Amino acid sequence: MLRIADVWKSYGNLQVLKKISFEVAEREVKVIFGPSGSGKSTLLRCINMLSPPDKGKVYLCGQNLMAPEINLNEMRARIGMVFQHFNLFVHLKAIDNVSIGLRRGKGLPKEEARAKALKTLARVKMEDWADHYPAQLSGGQQQRVGIARALSMDPDVILFDEPTSALDPELIGEVLQVMLDIAKTGTTMVVVTHEMGFANAVASEMIFLDRGIIVECGTPQHFFTSPKSERVKRFLKQIDILYGRHEELLKLPNEEGSK
Amino acid sequence: MLDYWDHILPGFVITMWLYIWALVMGFFLGLLLSIIRQYGGWVISRIATGYIELVRGTPLLAQLFLIYFLPFSINAILEAQGLPFIPIGRWSFHISSEILGRRITIVLLDQQTLVGIITLGLNSAAYQAEYFRGAMSSVGTRQLLAAQSLGMSRLAGIRHIVLPQALRRVIPAWSNEASYLPKYTVVVFYIGVVELFAQAHYIVTQLFLTLITYSLIALIFLSLITIISKALDSIHKRTSIPGL
Amino acid sequence: MSDIPDLPTIFFYILRTGLPATLLLTAQGLLWGFVLGLSLALMRVYGGKVLGWIASGYEKVFRGIPLVVLIVLFAFGIPGLFWFIDPIERPLTGVFLALALRSGAYQSQIFRGAILSVNPGQMKAARALGMSRFQAFRHIIFPQALRLSVPSWSNEYAVVIKDSSFAYEIGIIEMMKAAYRVTSNFPELWALSMGVVAILYFIFTYPVTRLFGERQTKKLKELGMGGG
């Protein structure tokens, strides 16, 4: 579905990404984590070409996004993105935030886009807030609209950039729950997050990124039971202290006995 | 004094006429300039910046005379070379009607008025562009990134996401510029456009009531500006969006 | 001058004959405008209801009247206004007054904005140290407000120097009038000399607004002043 091959990216003298390669299969959830400044956001922006890599290749369904003849706008319409700070369009109501991508990105007629947007809002349990402006919503609600905005485009893959890290602790649960539901429907996702409960529940593979290098990857079990690198161990300990408390907010599948 | 209403009225109409042209021309040109400056490539963005800074850094009066004299200067040069020159004719479009037994003629467009409109429009564009640019950069790049992540082109993002927000944000500052613009139209009096201030001059030569006449003109401008700014204010309140 | 003046001649003629008056008008307008503007701003911020109302009324009036109208009003409109001054200098005084009164209205806005954008925590902290309200203003708020107002103030300088060009109307030989004169017999040079005088004004405004406007704004941000 998505293949990143040998991607390099620098800002000025700062080499932010060094030889990043990995692959995301269809219906897979990939979690990327690592310390601040390690290049996670940059990596996501390289994937949808909001800031194209200096070197390397990004394939979506076999098409190389770096190829000059590719229509990037069309390709971006097929890659959803959820932002850390929501980035909702503040002049548009929730419903219009969701439908504008359908109209301007995909060229759907107004009514059709609206109907679809409403359906998508229902998936994130925001249909009752359709006529509110972003400023009238809580952070958690805004992020759910942000997720609906990405989801409504029926993208091949959705990129999440720390979708809960700007939220108050009591609002994180509702957003993770929505993401969990989406993951269970078989959506392909690349998620940058430090919510280890979420990762444990749905990630098929986790990638630890540090200073622009993939230090280690493996299943959640691997990371939580026997991480190899010293850096990973240290980082996971810090994460435990900071984030450990959110795990109980999630209705994890293994609690329901599905695992 | 009041018997000269048939001078004050057409003067006022001309002032408003110039004002509206300058405002509208300045708006569209200013918007264009600010978009170019903010999102254009290196070269054209520099050109837009240069234009804006030049206009803002020089007196309106100098700009007015420059544009007004330009055809004369070119003609003088052409004439010296024995070439045919630009006709600076005594052409004019005017409307004329009988009101309360007085014949009132209003010259809507002639050489001078055209120069006045062009100068005021070009000048106001530079000032308005700065307000627009400020509002655009306050919208932030994140909104444009979000738009692009949905598959909108850069242009579509600017048009559907950045501009609507910027235009709402700019209203308070822009209203300020818009309401004070009428008073800058006075300069065209120097090239012989017969607007309110020129009419006042004429009345003074007839009546020698200097203080009263100019005070009346001052009062008219003051009321006009107050009314415009109150009106724009109430429009702003009515169109406001939570969080913007 | 009967020879056709060349570009340097025009340039230096305008500079030599016009600049002194232009700078004098600008300096006077700015200086008196400063005194007036600061007083008005204080009236608006700390003066209570009546004084604040008077000050804001003043601002509205003098911002709403075109400068040219103010100039003719003070230079010709009010005959007994400058009875104590030599008649020849009366128009000049009228222009000074018009520039200063108008600039005062604008500077009042600048200073008021600056005072209000000093972080309110600063006043509280000063009072907590035992300073009186006046002391707190004098030693803490005012110095910050002054610095915060530099960018807008440099802009106001540009406005006044450009506005001083209207003095040409009443026969003061400043740069605009000089530009008008130098080529009056040569129509082919009219536009050129207007271009030259425009550039001259630009030379006197742009570096100042650039330096004090943008640089200072950056510096203030680094210091974390204002806004918060």
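We call the chains A, B and C, going by the order they appear; numbering starts again at 1 in every chain.
By definition in this document, contacts are C-beta pairs under 8 Å (C-beta built on N, C-alpha and C of every residue); 3 or more make two chains touch, one makes a residue touch a chain.
What you see is a predicted model; the values in this text were computed from it and never measured.
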- Query: Which two chains are joined by the greatest number of C-beta pairs in contact?
  - Reply: B-C
- Task: Going by C-alpha centroids, which chain is farthest from chain C? Tell me that one.
- Result: A
- Message: Comparing chain centres built from Cα atoms against the global Cα centre, which chain wins on proximity?
- Response: B
- What is the distance, in whole Å, between the centres of chain A and chain C, each centre taken as the mean of its C-alpha atoms? 54
- Task: Round to the nearest whole Å and give the separation of the Cα centres of chain B and chain C.
- Result: 22
- Between chain A and chain B, the Cα-mean centres are separated in Å by 48
- Touching chain B in the complex, chain C uses residues 60-61, 63-70, 72-73, 76-79, 158, 162-163, 165-166, 168-169, 176, 179-180, 186-192, 194-195, 197-199, 201-202, 205-206, 209
- How about chain B: which of its residues touch chain A in the complex? 142-143, 145-153, 156, 160-161, 164-165, 168, 241-244
- Could you pull out which chain B residues touch chain C in their complex? 53-54, 56-63, 65-66, 69-70, 72-77, 80, 180, 183-184, 186-187, 189-190, 197, 210-211, 214-215, 217-218, 221-222, 225-226
- Any idea which chain A residues touch chain B in the complex? 48, 50, 73-81, 83, 85, 87-91, 100-101, 104-106, 133-136, 149-150, 153
